[in-house]
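Each of the next two complexes has chain A plus one other chain: chain B in the first, chain C in the second.
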Partner chain A sequence: MPSPVKVEHINPFLSATIETFKSMLRTQITPGKIILIKGAKLSYDISGIIGLSGGARGTVTLSFPRITALKAVSEFIGEKVVTMDDTVKDAIGELTNIVAGSAKKDLAQYKINISLPSVITGENHKVLGGKEVIPLVVPFSSPLGDFNLIVSFISET
Partner chain B sequence: MPSPVKVEHINPFLSATIETFKSMLRTQITPGKIILIKGAKLSYDISGIIGLSGGARGTVTLSFPRITALKAVSEFIGEKVVTMDDTVKDAIGELTNIVAGSAKKDLAQYKINISLPSVITGENHKVLGGKEVIPLVVPFSSPLGDFNLIVSFISET
Partner chain C sequence: MKILLVDDSSTMRRIQKNTLEKIGHTDVTEAEDGVDAIKKLAAGGFELVLMDWNMPNMTGIEALKKIKADPATKDIPVIMVTSESEKTRIMEAIQSGAANYVVKPFQPETLAEKISSIKK
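Presenting the complex of A and B:
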């Protein structure tokens, strides 16, 4: 049976998400209780996913309901967006990229490189892990709405 | 404007997918014409995504309609599966892992490492790239049904 991601491996991603929303979106976000993916509300409308590899392997995902995504991207680009177009897709990919890049600095001992982002769209899709590890989910609340951070992480060392 | 992935970077993933289906699923699959993601049929029911990083960055995705996924996983595990359960999710993640690992060998000059897989479920979701590059899509046909290989790849060197 796969084990859940260790909580000490979640913290750099959690801090990176808080910092990114603070600096890039001028928005204070509040983490809820970290939960196993099996107990999480997992249906989203848009998700940004980045792979992590090197001395550790993992993925980091930011998953948003439509309304939160539109508000977050409006803050991010400084312009009101109301439809789920390429601007929103690119911005969600970029936000995920910034969070992964920022977390990477706090995980320097693992010599992680980050992949290109993938962006998933589609009402009520779910982002799950493979069989290697049980991802952990951090549900965030914010003035822009709720969203989730999902992290898979295995140290190879 | 982002450029499309170079065709020479697609070929190792294309060959790896054909070889994996041949060796693991005893199934001959046939690639169609490589297309830009914007012209592709992009709605799927389950997708396996792996990130690539190191001397190049990218992602490799295998995206399946439900019926193709069930038939492919039945061949893969040697047991008939009829519902989209954890077995199917794990198997699609594993298949994507094998394809990425196999393609990596043909891209040795880029010193690529592969991330953990993410598996997306949800009717008619789409898997898109970020703003860095326009992913290429290889539509495959097979006795198990149709499915798509989607590749993003940027050489950093």
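Presenting the complex of A and C:
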């Protein structure tokens, strides 16, 4: 029976997401109530995913609707972006990479390695949970639009 | 100042290049991983390297160690610009010869300050 990710494991990713948007997009974002992915009706247009390995394993995902992604990437690179091209894919992957890398410092006891980012695009695609753990979702609201942080985290120690 | 900018993300290269241009550095060459960086450094003339850590083919720390082991490139200052934020990683980079370390996420002013400190 899979159990949900512990809150102590999701908080570093939550803080890292807020700091990344503040520093690199000059945007204040607000986290909503953490929810189980099982009960969430979530669909997205672009998702950046980073794999975690080492003393813990799992994934960190940032998922955006198209319009939010375009606005976020425009702020990130300082140029207006209007189409979901390779620039947007690269930028969403890099944002996810920065969040995962930044969160690592608060999870140092797990000696986590992070993978290179993967980016999935497709209208209304869904991010599903694994068999061993139920991912937690942090819905964020921002002036750029809403998006979600999804964390799956299993300690190996 | 001739600068080599190494990052597998074209987005990060664009952001850093814009920051460099704003502080007057327009002679910037881009490399997309450690292998590409070592190849481009062989052409000579570079005075600063900005290096990401997590990249395919050859990571930034591997490239840093190669740069510092080569008499032709060992004196070129390398600033690591990376999301690797743990103290052990920072120590590893400094002990391997990195001149400075910028953790992503960063504000453009931070990168500009670190580059200015190298120039002095």
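Observations
We adopt the following convention: the second predicted complex is superposed on the first by the 156 of 157 C-alpha atoms of A that agree within 3 Å, B and C clash if a C-alpha of one lies under 4 Å from a C-alpha of the other, contacts with A are read in each partner's own complex, and residues count from 1 in each chain.
Basically, a contact is a pair of C-beta atoms (placed from the backbone, for glycine too) under 8 Å apart; a residue touches a chain by one contact, two chains touch by 3 or more.
Just so we're clear, the structure is a prediction, and the values are computed from it rather than from any experiment.
More residues of chain A lie in contact with B than with the other chain of the pair chain B and chain C.
In the superposition on chain A, A:S53 makes contact with chain B only, while chain C stays out of contact range. Contacts of A:I114 after superposition: both chain B and chain C are touched. Touch criterion met: A:G122 reaches chain B, while chain C stays clear of it. In the superposed model, A:T61 makes contact with chain B only, not with chain C. In the superposition on chain A, contact of A:S152 is made with chain B only, not with chain C.
In the superposed pair of complexes, A:P139 makes contact with neither chain B nor chain C.
In the superposed model, A:D90 lies in contact with both chain B and chain C. By the document's definition of touching, of the two partners only chain B reaches A:S43; chain C does not.
Within chain A, the residues touching chain B in one complex and chain C in the other are 90, 93-94, 97, 114, 116.
Residues of chain B touching chain A in their complex: 43, 47-54, 57-59, 61, 89-90, 93-94, 97, 113-133, 152-154. Here chain C touches chain A in the complex through residues 8-12, 14-15, 18, 54-56, 82-88, 103-107, going by the rule given at the top.
Contact residues of chain A toward chain C in the complex are 19-20, 22-24, 73, 76-78, 86-87, 90-91, 93-94, 97-98, 100-102, 104-105, 108, 114, 116.
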